[in-house]
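Okay, got some structures for you below.
Same chain, two partners: subunit A is paired with subunit B first, then with subunit C.
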Partner chain A sequence: MNKKVLVVDDDPDVRSFVVTVLEENDYIPIVAHDGIEGLEMIEQEHPDLVILDVLMPRGSGIRLYRHLKTDEALKNLPVIMFTGIALRSFLKSQKALDEFKGGQIPMPDIYLEKPVEPEELVQAIQKKIG
Partner chain B sequence: MEIKKLLFVTKFEDLCYDALNSLLSLRKAALDHVVFLNVIERDNVTMKRGQGYLKEEEVKLKETANIRFIDWAENLFEMGLEVGAYIEVSSLIPEILKVVERESPDLIVIGHSHKGALKQLYAGSDVAELIRRTMVPILVFKHMMEDKIVPEKLFERPLFATNWSESGKKTIEYIKAMKNVIGEIHIMHVVKESALKSPDTHEVQKVRKAERKRLDDLCDELEEAGINARPHVYVGDPQREIEKAAKEYQASMVILGSSDKAAILERWVGSVSKNIAEKSIFPCLLIPGENRRY
Partner chain C sequence: MSANKILIVDDEEIIVRLLSMSLRSDGYETITAFNGEQGLAAFKSESPDIVVTDIKMPGMDGLELLKKIKEIDIETEVIIVTGHGDIDSTITALQYGASDFINKPVRDEALAIALERAKAKIHIRERLDEYTKNLEQKILEATEEIRRKSNFQKLLIRSSNDAIVAFDHEWKIVVYNPEAARMFGEKTIDVKNIMTIQDLYTPKTAKIFKAEVKNLPDPTDMPWKEMMLQTRDGRQIPVQYTTNVLREEGEFMGIVNFFQDLTEIKRLEKELVQSERLAAVGQTVSGLAHYVKNILIGLKGGSYVVDVGMKKNNTEKLKIGWETIKKNIARVADLTQDLLTYSKEREPEFELCSPNEIVEDVIDLICDVAAGNNIKIVKETDAAVGEVMVDPRTIHRSLLNLVNNAMDACMEDEDTSKKFEIGIKTRRGPGNSICLEVKDNGCGMDEETRKQLFNPMFSTKSGKGTGLGLLVTGKLVEEHKGSIETITQLGQGTTFIVKLPYEIAGAVDIKEDGL
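Entry: the complex of A and B
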């Protein structure tokens, strides 16, 4: 059965790019426009993988990632970070939030900085869900 | 009344990272979320004779804004703040209102617009338009010096000018919520010259004494809340006297309750708050009252 991939990104051009890549590789794409809608879609649609932007209105990818990794039911959901925000800043933000809120959040397995070639994205997806 | 989320509206030439940086002291109060908004005015990208829709120009302007926002967002993310961003081709005020609806910020920060006198007369300024159309407090940012360096400690020494209106009461609650960031607040009331017109010196002195007493009570209330406060009575034209007091006490910003006047009257006659927000050299924080008319 084809696997369902949720794309959470506020940029319509990026959504369109990722959706095309997913369709061409026999995945079922679903989309959300921001972090809040992203969480709703995860709860409703139960995707196999999330491709997550960081800088978005109404709830950033940083907060959504943190929420996923601290939720018992969702913490094993694979996430690919796909963003213009540098990995270094992402790691520092998680460290600052770890110190402020307590706990330690595992780092994402795959962190892709935009833009990427379709092959690189497909490779990352296959690595996570086959 | 806490400022947890602020909406930072920038055209880049009027508000940059230094302005944003000066607001980050609000983290000591409650700030944990910053939303950026850049509005690309339609005129910059829409149909031009012989050229059609300027798609390339739109992409260029959006990506330029995106690069700036990513850079700013990285700094804020690293501090543990939540950050969001909007880059839209639209008209400024309707877009601000749309984002306010979606994000529910506690404060809107906007630079002063630079429309020409004639355009302002007919269309009104962006700031005046925004004051009329939102209930969210607005910080109108100014560059206080010619070299455009913004004050580092924006909340260090504010001046609150009260006219004892309903919006003034709401402003006091707002000020109390900023107790961790305010160094010392100066509180003033401007008595109109007409109130002092009496042949009896005793009567004139009674007016001053009564106003001073009200200010003292307000200072006591703020000091009980943990904010150092100093009262001042001025006499004359409110706009001129507020500007004078801000200079005399080297205020870092001016705080005002915004007018309850009907919009149409305000547009043509003007309110003290609107005029100061537009003309003062000081950053102005405008707190709307509860009973605004639109």
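Entry: the complex of A and C
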């Protein structure tokens, strides 16, 4: 059975690109426009993988990611961070947030900096869910 | 100098010797003579201060001697010794200028008194002489001082960096310094004491100054003002100027104008603004790189989708991919336009147009995106705005930018229960101006953000904005001599009010007006 992949990104260009890549590689794409909608979709659709943008209006990727990793039921859901933000900036923000909130959130399994070639994205997905 | 030397003349030798002895014992220096001729010779050779002479003498008598002495030195004190009742000769002696008379026989006390009087007169005269000399010296010094001061003032006026033009009560030019000659381009020789205000200034400028003199209650202390000075040879010089009315005891004497050429300052100001702007563009580059990367992501993604569409003969994919590409090409075009607008000096191009129609155009451009994000656009255009002389590009660009920002502010808002609304208003402003208002009820801004709004590279849109939008809007509005006001409250929304002055059609030119 084909795996279901959720794309959370506010940029329609990115969504149509990722959706097309997923379709071409026999995944079932579902989309959300922001972090809040993203969480709703995860709870309703139970995707196998989330491809998550970092900076979005209304519930950023950072917030959704932290939510996922601190929720017992969801913390094993694989997440690929897919963003224009440099990894270093992202790690810095995570560290600051850890210190501020206490505890430590595990780093994302895979962090892809846009732009990426379709093959690169496919490899990353396959690595997580085959 | 004390009057100490006395010449005694008398034909009676004994009297002369007695007087001489007595005077010597009083501390005088004496010279004696026994007739008129001897007396005159002694006077010439010894120059005594006082002469005491008998009237009656054989040969040259006392009156004759008196006359001769007075011819030589009118100031010599001559005391005449007369016999009793010798009225006629006394009167003659007075006419000749005798200073005093004593009666024969000469008593020591009488002589002493006469001598004291003579000495006192000499003393007074000497002091008077001294005073007069002093006075002459002082007048010389004062004259020299005045000359120096006047020269200094002339030099000051000549060498002043200000152009100085002064008019007398009939508006004739009486002061016209070299800087004025440079500024107005007329030679001093052709202007000073020849031209009047109308000959040198354009009628418009002359009118301004005449009106200033008339209208101001206290025109002695006028502030510096700026104006564009027009010379008769057609040059335009930015100047700051001030006027002083010269009055003496309330009487109008004339006016003086000071002009400072601001050409260089204006040029430097422009250069500074230009270089600051270039620096700002430099700072913006890092922010821009991010934005450009996003465009690249869009283009790459779009071309991949197009590839897939072609391979699979999938029209839907082709359409989506192609739209993405087109959208990102437009973003590149906009960015280029913004960069050019921002980095270049631009004069607004005024033309008669309808701001309300521009509002319609802008709404046409954004209505799809607004609808797609559930944002209602409310238009409130005032027909009274009508057609005005403005730069339509300034209005279009500013409005589009502000409305796009307003939409972003709505989309950023985390309060999804809101019914988002953007109001676009036009109205007439104070004076010859129009107001454009863009109001949203989106996320609003905190004070920190509001302060940085017009800073280069400042963007709240993390790579989705260039940080150029408001910068460009601000610059366009500024070049249009307008202003932008921002009212914002965090969580409540933001209102931008742009005020733009418009030009009056058939612009003012009172050059040929009478004065």
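As a convention for this text, the second predicted complex is superposed on the first by the 130 of 130 C-alpha atoms of A that agree within 3 Å, B and C clash if a C-alpha of one lies under 4 Å from a C-alpha of the other, contacts with A are read in each partner's own complex, and residues count from 1 in each chain.
We adopt the following convention: a residue touches a chain if its C-beta (ideal position, glycine included) is under 8 Å from a C-beta of that chain, and two chains touch if they have at least 3 such contacts.
Fair warning: this is a prediction, and the values are worked out from it, not measured in the lab.
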Exercise. Clash or fit: subunit B and subunit C on subunit A?
Worked result: clash
For this session: Classify the contacts of A:N25 with the two partner chains as first (subunit B alone), second (subunit C alone), both, or neither.
Result: neither
Exercise. Between subunit B (first) and subunit C (second), which does A:P115 come into contact with in this model arrangement: first, second, both, or neither?
Worked result: second
For this session: Could you tell me if A:V14 is touching subunit B, subunit C, both of them or neither one (first, second, both, neither)?
Result: second
For this session: Please indicate which partner A:A96 is in contact with in the superposed arrangement: first for subunit B, second for subunit C, both, or neither.
Result: first
Exercise. Counting only touches as set out at the top, which of subunit B and subunit C does A:G59 meet: first, second, both, neither?
Worked result: both
Seminar exercise, completed: Stretch of subunit B hitting subunit C after superposition, from 26-34, 62-70 or 152-160, is 62-70
Exercise. What is the shared patch of subunit A, the residues that subunit B and subunit C both contact?
Worked result: 55, 57-59, 84-85
Exercise. Hey, which residues of subunit A end up touching subunit B in the complex?
Worked result: 34, 54-60, 62-63, 84-86, 89-90, 92-93, 96-97, 99-100
For this session: Name, in rising order, each residue of subunit A that touches subunit C in their complex.
Result: 11-14, 16-18, 20-21, 23-24, 36, 55, 57-59, 84-85, 114-115, 118
Problem set entry | Residues of subunit B that touch subunit A when the two form their complex | 35, 66, 69-70, 73-75, 77-80, 82-86, 99, 102-103
For this session: Can you check the complex and tell me which residues of subunit C touch subunit A?
Result: 290, 293-294, 296-298, 300-302, 304-305, 308, 317, 320-321, 324, 327-328, 411-414, 416, 462-464
